[in-house]
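Chains: A, B, C and D, in written order; residue numbering restarts at 1 for each.
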Amino acid sequence: MILESLLPAASSYARDIGFLFDLITLLVGVPFLIACYLFFAFIFRFAAKKVDKAMYITGYEHEYMKWIHRAHVPILVFDVIIVIFAVNVWYNVKQNLPEAESTVRVIAQQWAWTFVHPGPDNTLDTADDITTVNELHVAKDTLYHYKLESKDVLHNFSVPVFRLKQDAIPGRVITGWFEPTLAGEYDIQCAEICGIGHGLMPARIHIETPSQHAAWVAENSPFSLAKASAPELEVAER
Amino acid sequence: MSAHEAHGDEFYVKTWAILLVLLLISVLGPLLGHPVLTLITAFGIAVVKAYLVAVRFMHINLTPRFVTYAVATTLVFMLLFFAGTAPDVMKNHGTNWVKPAWIQAEAAYAAEVASGAAGHHGAGGHGEAPHGGEAAPAHH
Amino acid sequence: MSARPIATTRSAAGMPTARLAVWWIIASEIVIFGGLLGSYIMHRLAHGVWADYAAATNPWIGGFNTFVLLTSSLMAVLGHQAAERGDGPRAAKMLYLTCGGGLLFICVKAYEWTTEISHGMTITANTFWSFYYTAAGIHALHVIAGCIIMLFVAQTAKKNLELHRVEIIGIYWHFVDVVWIFLFPLLYIAK
Amino acid sequence: MAETIHVGHAEEHGHHDHHEMSFLEKYVFPLDHKMIAMQYMFTGMFMALIGGFFAYAFRMQLAFPGMDVPFWGVVTPADYNALVTSHGSVMIFWVAMPVLIAAFGNYLIPLMIGADDMVFPKINRLSYQIFLISAIIIIASFFVEGGAFGGAWTAYPPLSTKAQYSLTPIGSTMWITAVALEFVAFLLGGINFITTAMNSRAPGMKMWDIPMVVWMIVIASILFMLSVGPLLAGGIMMIFDQQLGTAFFDPDRGGDPILWQHLFWFFGHPEVYVVLLPAVGIVAEVMTVFSRKKLFAYKTVLYTAIGTGVLSFTVWAHHQFIAGIDPRMANVFTVTTLLISVPIAEMMFVYIATLYGGKITLTTPMLWALAFVFEFLIGGITGIFLGASGNDIYMHDTYFVLAHFHYTFYPIAIIGTYAGFTFWFPKMFGKMMNDGLGKLHFWLTIIPFNLIFLPLFVLGASGQHRRIYDYTNFPELAQPWQQDLRQLATISLVVMLGAQVIFFYNVIKSWMSGPPAGKNPWNSGTLEWTATSPPPHGNWPEGLPTCYRGPYEYSHPDHDKDYWPQNEPA
């Protein structure tokens, strides 16, 4: 709720993360407010004007210590709840890799993003791949895998509306997934400092309806750009 | 420091002699060519030697107990560091990530071993500097 | 030299201040070497090819250096014994011998490194050699620092002054020895 | 910085040594722990002003992109990166560490445990000198070719190791050299603090009679010593990568950039507690004195501190959740991270419980101490959001993180320091500080502080990433309401920085012409208040005190006065 009010949620798991955020807000907010209430209440109640002499409490007395011990119970319970939900979300987003309907390659470098789309045959590393710079085109409601690489330094493939973030590390290929659920044009930001141009790496993600996306693919595939007869070839390849 | 005055100089010379014997074993161990044995003679004996030096030369057993605990704690923390770091640094792949260049280099090396050229690396290091660099992963 | 603070002469923890301090120094040194060697071991276990690189090291030179350090450690502990008995000149003599061991160690090391470098195994040859020179180099720096401090300690010990320092520098020296005891199999033996 | 040092100069009544010390011996190369503390204190404060100026320069750029910032000029992207990097490094390594550990540690440990000096005065002096050199190097890096290092205070390779990526060939090496030297300085200092506190306690002072702040500084020093090693080794590896061309962190030649992140955060996380604990200790001293009450459950505080310290070694990878580590590891580190909330929460409860049944006077130091508890509470609970791995996927490296750790580091480094400084000012300089000016300074610091960072939580939750010099390049971050919040934060920052003038005016004025403080202006029970203000070299020329009881015997029923000094025989 809180996150969605600030930024649209455009991926299948964005709402899970939003819910987790709300849950944590609630679970830490309540103890925080209680602690604040006690804190200020004690300051006003035991102001020097109102008190003759301070009490002598070592703190080890059971009648006082029990309050500290009791306070641990809710904290531990809340911790466990938060861990369960957090790990659950984490598992869904980062560890678990659902079957992909399409795969894109994301290559970061100083200071631009290169996106390789699979093209009409929906397979990467074929002749009809569509390579773009600083704009990623994906279809709504399609489950994508991304293969993230970096050419030079650390970068971070961050799509705030997806609530997705993953560092790109030179020498590694990191795979993850997302499923766009909201059509529109949104930011892709680099979220790991990558040198002077770190603030100048704004890419855009274009989430299109499947038909729009198919049209974009058809229009931009190397074959259609090269030859007018491309659509036939595309059909033939499928 | 009074507890160890019972020891004369011979005690230390004797300890030194034991250490030298252990050293000899650890140098000769690999000559048997058995990897598990090498591991034992190299690192098992290193631990024994370190223990001997710590106890008989450094008198760690005669210092208050907390010193031993402090030293042990540092070792535990180092194990922790290793445990937390190894899954990333020691592996060439993991959950949803791979190091392609590394895997390629390994495959190339395995092929080389299979073709009987494994000895080349050790000797190659002696000969030409560029080869030493080339053998590193990711250049292939 | 100004008078030593009264604080230094107290020992509420049950051991002399300097000895307490040297143990804390050792604790902090363990993590320095631990971090470095931990990183090295990770790479070493992961890359099969490193065993071939390591084959180019000379275990006989390494073994000789271990022998040198172990012997110098013996000299240090004998110096400590002499200091316990109040025999400053003998303690100083032992410390000079220890220093001699350190010097021999460095000389052998210098010979070893020159040979290796002249055969193309420089610090940039590959990451194994980078670790090799870094770890052994940091250790060698400790040897040199130990030698220099030891010379100062021996100077005062000769005049039967500050004899407790003989033990302190000895503990430090044994630690340097222990580090080498682990470096030796890690860099030379394991293949 | 020799000039700033003699602000700390105070009249000395007697000397241990029989000869009169020269100016150089006394103020530039002192052996006296109090003078070394003052050197650390004022160097730290000077560095804080520099760090604050950096913050001012880049915040102006964020609020008013492309403006010609007064006293700096136009902030270019390279400038911006160098500024944020140096702001972070300076504030943590050259402000929080020297002031909280070195300055307060040096000043308080011998005085509070009834010793005449640190056990190794010369190592102590050497520690400061190395620290000073490191401080000069980090500032000098702004004036070399290519400018200061701009790869953030975490200095992730390959950006930090390869000049063709960072474009700061000299600055990067100067940065890591300065940091490594600073660590060496604090290792030397740390050994001194630990051994002094362990060995040189006054006769009769048992484990549980040691004032909390001493405990905390000692635990912090131990944490530092046990965690910094890997990073020191990593620093050497990084310098070799930069200057000799080795490939420790170069993935193209068999290295691994993630290794550095582990080396860094294995130190980096305990480091948070290294600076936190002394501040917590200072707050314990201040709160007990001004609520005239024994510290609630002394041993519990101690155990929670040790527990936090040990746990802090097991949580480091929560900084790297999405930094490319194996995702399975994140689960382990989520659990340990949330576990650490238990001792920290207990510690905060105990502090609140200390207020219960007290007789609370809201003096300036007490206000700072209470502010610490409140603000740190906010910093603590917002940490839960980030420690929960699932949520961190979104929050990582946003302004939410930034606001969170400013809500922890600011109470620690700034509020904690002000609490301690205003509390021990009478002891340090022998004069009382002006309470009215102190309170004015307090409110003009604390309100703008919240106005700086509360908006940044909102900005972070709306997806604003860190270390980007101009958000107008990103349509989602260029909305007018976001720019308004940025401007609010920047204006608050300027107000807050301006308010610090009041503090320095107050310090100088009180030191010149404040009312004399006497030995024990706050009626406190700990040993430092039994020495003259300021204490002479040797602290108690008439003979070192003996300890008879715990440090917090306030309002004891068997005693007529509401405080019972530790050195008063029963």
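The rule is short, and it goes like this: contacts are C-beta pairs under 8 Å (C-beta built on N, C-alpha and C of every residue); 3 or more make two chains touch, one makes a residue touch a chain.
What you see is a predicted model, and the numbers here were worked out from it, not measured in a lab.
What chains, if any, are shared contacts of subunit B and subunit C?
D
Is the C-beta contact count larger for C-D or for A-D?
Top pair by contacting C-beta pairs is A-D.
From the C-alpha centres, identify the chain that is farthest from subunit D.
B
Whole-Å distance, subunit A centre to subunit C centre, using C-alpha means?
That pair's centroid distance is 49 Å.
Roughly how many whole angstrom separate the Cα centroids of subunit C and subunit D?
34
Counting only Cα atoms for the centres, state how far subunit A is from subunit D in Å.
32
What's the distance between the Cα centroids of subunit B and subunit D, rounded to whole Å?
That gives a centre separation of 38 Å.
Two or more other chains touching the same residue: where does that happen in subunit D?
226-227, 230, 247, 251-254, 256, 258-259, 263, 266, 324, 327-328
I need the residues of subunit A touching at least two other chains; which ones are they?
Answer for subunit A, listing residues that touch two or more other chains: 94-95, 171-172, 174.
Counting only residues that touch at least two other chains, what does the list for subunit C look like?
Those would be 13, 15, 20, 24, 27, 30-31, 34-35, 38-39, 42-43, 47, 124, 126-127.
Going by the touch definition at the top, which pairs of chains touch each other?
Here the touching chain pairs work out to A-B, A-D, B-C, B-D, C-D.
In their shared complex, at which residues does subunit D touch subunit B?
That would be residues 222, 226-227, 230, 247, 251-254, 256, 258-259, 262-263, 266, 313-314, 316-317, 324-329, 333 of subunit D.
Quick one: in the complex, what on subunit A touches subunit B?
For this pair, the touching residues of subunit A are 94-95, 97, 171-176.
Please name which positions on subunit B make contact with subunit C in the complex.
Contact set of subunit B toward subunit C: 1, 5, 7-9, 12-13, 15-16, 19-20, 23, 26-27, 29-30, 38-39, 41-43, 45-46, 49-50, 53-54, 56-58, 63-64, 66-67, 70-71, 73-75, 77-78, 81-82, 85-86, 89-92, 105-106, 109-110, 118-119, 121-123, 125-133, 135-137.
Which positions of subunit D touch subunit A when the two form their complex?
77-78, 80-81, 150-152, 156, 158-159, 162, 165-167, 251-252, 256-258, 291-300, 322-324, 327-328, 330-331, 334-335, 338-339, 341-342, 345-346, 348-350, 352-362, 370, 373-374, 377-378, 381, 384-385, 388-391, 393-394, 396-398, 458, 461-463, 465-470, 473-477, 554-557, 562
Tell me, which parts of subunit A touch subunit D in their complex?
Subunit A residues touching subunit D: 2-3, 6-7, 16-17, 20-21, 24-25, 27-29, 31-32, 35-36, 38-39, 42-43, 46-48, 51-60, 64-65, 67-68, 71-72, 75-76, 79, 82-83, 85-91, 93-95, 110, 152-154, 156, 158, 160-161, 163-172, 174, 186-187, 189-200, 202.
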